[in-house]
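Working notes, beginning with the structure itself.
As written, the chain order gives the labels A, B, C and D, with residue 1 at the start of each chain.
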Amino acid sequence: MNATGRIFRVSLFGESHGSAIGAVVDGCPPGIPISPMTFAADLARRRSGARGTTPRAEADLPELHSGIHLGFSTGTPILILFRNLDTRSQDYARFASVPRPGHADFTGAVRYGGFADPRGGGHFSGRITAGLVAAGAIAKLVMPGVAFSTRLLEAGGGTDIDAAVEAALAAGDSIGGLLELRVAGLPVGLGEPFFDSVEGLVAHNVLAVPAVRGIEFGDGFAAARMRGSGHNDAFVSREGKTATNHCGGANGGITNGNEFVLRVAVKPASTIALPQDTLDFTTGAMTSLVGEGRHDACIALRAAVAVEAAAAIALADLVLLSRCHDLPQGDHP
Amino acid sequence: MNATGRIFRVSLFGESHGSAIGAVVDGCPPGIPISPMTFAADLARRRSGARGTTPRAEADLPELHSGIHLGFSTGTPILILFRNLDTRSQDYARFASVPRPGHADFTGAVRYGGFADPRGGGHFSGRITAGLVAAGAIAKLVMPGVAFSTRLLEAGGGTDIDAAVEAALAAGDSIGGLLELRVAGLPVGLGEPFFDSVEGLVAHNVLAVPAVRGIEFGDGFAAARMRGSGHNDAFVSREGKTATNHCGGANGGITNGNEFVLRVAVKPASTIALPQDTLDFTTGAMTSLVGEGRHDACIALRAAVAVEAAAAIALADLVLLSRCHDLPQGDHP
Amino acid sequence: MNATGRIFRVSLFGESHGSAIGAVVDGCPPGIPISPMTFAADLARRRSGARGTTPRAEADLPELHSGIHLGFSTGTPILILFRNLDTRSQDYARFASVPRPGHADFTGAVRYGGFADPRGGGHFSGRITAGLVAAGAIAKLVMPGVAFSTRLLEAGGGTDIDAAVEAALAAGDSIGGLLELRVAGLPVGLGEPFFDSVEGLVAHNVLAVPAVRGIEFGDGFAAARMRGSGHNDAFVSREGKTATNHCGGANGGITNGNEFVLRVAVKPASTIALPQDTLDFTTGAMTSLVGEGRHDACIALRAAVAVEAAAAIALADLVLLSRCHDLPQGDHP
Amino acid sequence: MNATGRIFRVSLFGESHGSAIGAVVDGCPPGIPISPMTFAADLARRRSGARGTTPRAEADLPELHSGIHLGFSTGTPILILFRNLDTRSQDYARFASVPRPGHADFTGAVRYGGFADPRGGGHFSGRITAGLVAAGAIAKLVMPGVAFSTRLLEAGGGTDIDAAVEAALAAGDSIGGLLELRVAGLPVGLGEPFFDSVEGLVAHNVLAVPAVRGIEFGDGFAAARMRGSGHNDAFVSREGKTATNHCGGANGGITNGNEFVLRVAVKPASTIALPQDTLDFTTGAMTSLVGEGRHDACIALRAAVAVEAAAAIALADLVLLSRCHDLPQGDHP
């Protein structure tokens, strides 16, 4: 399913070069102020234009067709629609016989029996994350008092990110990056011990963002090299505040009220200007693909807000679910 | 929910020191040979006894109460039950007022309103993974021809694992570890572009295994430091075989028929013999906790098969789901 | 959730007097020919215009924004959008203080905390069934060889339906009706013994159609007055054909290959031209509501195709799910 | 799936003549007092012994293996197990070749590829409802203040139920019955306009009870013969109390705070003492089946509490879900 969530549920739809893409958000509580401006800041972070991002220019004006009345959410499903305007469909049909390395041309052809829309990556396109980011903006409103902060820690292996982008552009190549998301203000008690741990639910969504290849919480992979005496976080307040935060804000799959911290590995975009070897499925011989038009030299720049949105959607669901945990009214001790 | 899966669905239950723990597996296809021996090899990998593992001795005899007839799965829900026999309940009540660092004493108390069973970690215990491992053994049978291989690459930051375990034992401390899982023989086409990507579903389950702090696919975090020209995998056969496997067997969230590769960071167990600072919630003053009895010096040793089971459960679900993707019968082109 | 289905999943959205209503269909197999014409016949059955139906005139032109490429489903989510054009919003705000008998004015206000869109019934409007009917049209294409037939058996308690409608119109009142749906060509083996019985899944969806108050399968309520010797259906062929069909095509919650038969009770529409007593919530005194503008004298006329669509959506999901029931490949007996 | 519920989730397992049957209840809030006595009253209503019920004698002692500590629910999954003790397995294998009319012998064989446990009906047996009834008893505790009342209105078409049972026994036949369930004390606002209407969710579960063939809400099928002026219920209090209750406690799929009323048609049990025609699938010729041993002459007697439990499970889920509907804290108007 191209959908996620049990209470706050987001369904994505659309293809890169179809008429429109977007999301349906079901389970948003009523009474939340929502307008096109709700999405402006996050959509701006996702938009192209900066060095190292694709030159595809989309206005990304969100059309709100349902679930909002007099400026507030009604509690019924919200349809957010974005028109695709700047589509330049090349001859994508050739990718059916000459699949691009690192792309979903081959797996999409098998998964969808040859019927997938190949133009601009179709449903596999990063374009689809506009709907994800919009849904994430609503998710954040469901959690007033919770603050998200996402940074690009590294690009191309270094911290001088501008230089790394310029080098990649000069080489006609692409670079990966390392993102860090910090979430402050989450209540204690979100998540389940098994399967629906807060980390599991967030990872599920975040790994759906194109180009994400790994996720770690708190000290993450560094914890594999630590000792328990160094990793355990001492409690220092009755609210669960800890002296350190090696665990990244969760114990036993459940938030402990400290900052929730995760890092995400973003691979370099598959589309590059350099020629690449691949198989011509028609002839059965190896061939060389020359890079096509528009692409992101550093997709991590624009993935940041999508990762944040994906995490926010999982967390909003947990925040709403946590209201069901309370005891029923009555005379229980 | 303490359950996972859309078609092949696993529900876990039980507490560390309750009468029994186990799993219900719903959606297992009929006709699969299942007996207590089905689980023997994987349960042996999970069992304690080796250096660095807890001395708790459980026979782990799986009782099969439903869903199996004349040695074959019937297609109806399978109940697998394990008795808890070697339980030595100490005074766990004190952990309600003096929560152990790194444990779920605090978060569990909030999440469950003070009603959680604290004995031996209750539902948060690694003991619960016996049911997970048993369900994983069935999951593997649903995918004949798919082979799982899991290795402990590192413990305590090094590759001499025996030495690292001895050093941890001598110090009364615990160490983390790095696991690698390789899955061979998966068909092309498992997964969805958004949300239910193969990586997302596997990560969701794997992060439920206690002590897991991170997961990466293919080159994972290393990919964040690579260039596209170095990360892209050239296709070399019509079956999707690639010359390299930087992506770890998935493009666009969908398996590509190459080996599916992931690594998992396991933190050091929270329970150690050394004294640790924590807050006494009753007095409001800091206090020192002395480590209690039985624990794992290197939980990664026993987590390996649990991680493998968690991944297998997600993959079995996708294998069964993939049968629904075909075209309906008829005269479509 | 305003969504249904595990594999073939339909999400509805929209309000009666908002800008648009529609559906997202996720899980539709690729390769199914779909165009605006796909929906024409069923939408025509749902449209108003005949005696006894509302004079609201909507073109009901389906806009297909995703999931379709070159005339075929791609396998990705399909967005179907219908514009609302003929909206005449009266002063619906008064229904917040003077809720109409039989309507959802009161329950909607409580459920949505006063934020629901009241215009034309908002999300509770029968208008929303346009999306349901469109999704049902796709569901039927997923099951080639399965034939649906729905009849209005009775209106207002009698079989002379035209006369009943005229009488209702003359009285400024509304009438209910009895529908029968027959589905031929379903394979044997759809459904589960518990909870996800074929009857349970179909009833779940059908009872979502506004004004439906009951559903029965096979002999239904008449079976409560029968004896086993008269209700049991004798098998007469190895394909499961039975001499009679008292059970309506299902045994033990699972289709048996005979015609699947159900009947549905549709209540009279709540909106009538006659004055009705109700409470003025502002004053706390009883008052009389005079019927407002456009409505259906016999909503059962237009509910027929919506009931059929609701059932088709459940059955398409089961048809796709049944492909997962097969044995895994291998040497099992 | 043999499971139901989004927040309060019940999974059933077991076969009639296997070692045990039961249920896992996930999502029960913590702090609810639960002991074997919790189930005694409802299990007694389900138990056999009275005239017209099967002579199979089962102690039905619920074993509680998880999710309960010191007499209270912990909030983690609850396993309830019942041993099967009084099993007299006849030669059920013959029903594979000579399927019993009205039974699931044929559909079960197709659905489960010939691997289903045929003894005593296997997973299709009414025996499985012991787990359903136990889960229903917990569901009721989740809703303190909500009262359930279920009556057998008719058996065999009449209201002298004892006489109808005696006549059926004398004839070696079985009779159906009509049940009515009334639920008082439900809050206003449970349910969704589309798909997850309160009626749809309840019907989904109730139709899983073996032998149920129809369900109606409020006036139900009688409403199909009514006029709107006679069916609409006038509001008479600000809490939503209505002068009449034709709608049975729900408007627009959402509870309105009045008594929630439904009736259920139960068919006569398929197993009778009289000989019946059916096909011998081996020879391809018609044959006569002589009724086997133990059965219920009036299954509606024992189905009453199972119907009540099935409804309670759906309603408990909605009660817990309703806590998520509230506005988020903050300064929204």
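Note that in this section contacts are C-beta pairs under 8 Å (C-beta built on N, C-alpha and C of every residue); 3 or more make two chains touch, one makes a residue touch a chain.
Just so it is clear, the structure is predicted and the values come from calculations on it, not from any experiment.
**Student:** Which pair, A-D or A-C, has more C-beta contacts?
**Tutor:** Greater number of contacting C-beta pairs: A-C.
**Student:** Could you find the chain whose CA centre sits the greatest distance from that of chain D?
**Tutor:** Computed centres place A farthest from chain D.
**Student:** For chain A and chain C, what's the span in angstrom between their mean Cα positions?
**Tutor:** About 36 Å separates the centre of chain A from that of chain C.
**Student:** Where the CA atoms of chain A average out and where those of chain D average out, how many Å apart are those spots?
**Tutor:** Chain centroid spacing, chain A to chain D, equals 43 Å.
**Student:** Which chain B residues reach two or more other chains?
**Tutor:** 1-3, 6, 12, 27, 29-31, 72, 75-76, 111-113, 123, 193, 325-327
**Student:** Mind listing the chain A positions that touch chain C in their complex?
**Tutor:** Listed in rising order, the residues are 1-3, 9, 11-15, 18-22, 24, 26-27, 29-31, 63, 65-67, 69, 72-79, 81, 111-117, 119, 122-123.
**Student:** Once bound in the complex, which stretches of chain C touch chain B?
**Tutor:** Residue list for chain C touching chain B: 6-7, 27, 29-33, 72, 75-76, 141-145, 193, 319-321, 323-330, 332-333.
**Student:** Write out the stretch or stretches of chain D touching chain C in their complex.
**Tutor:** It is residues 1-4, 6, 12, 99, 101-104, 106-108, 110-113, 123-124, 128, 132, 154, 156-157, 168, 171, 173-178, 188-189, 191-197, 199-201, 203-208, 210, 212-238, 240, 242-243, 247-248, 250-256, 265-272, 274, 276-279, 281, 284, 286, 300, 325-327 of chain D that touch chain C.
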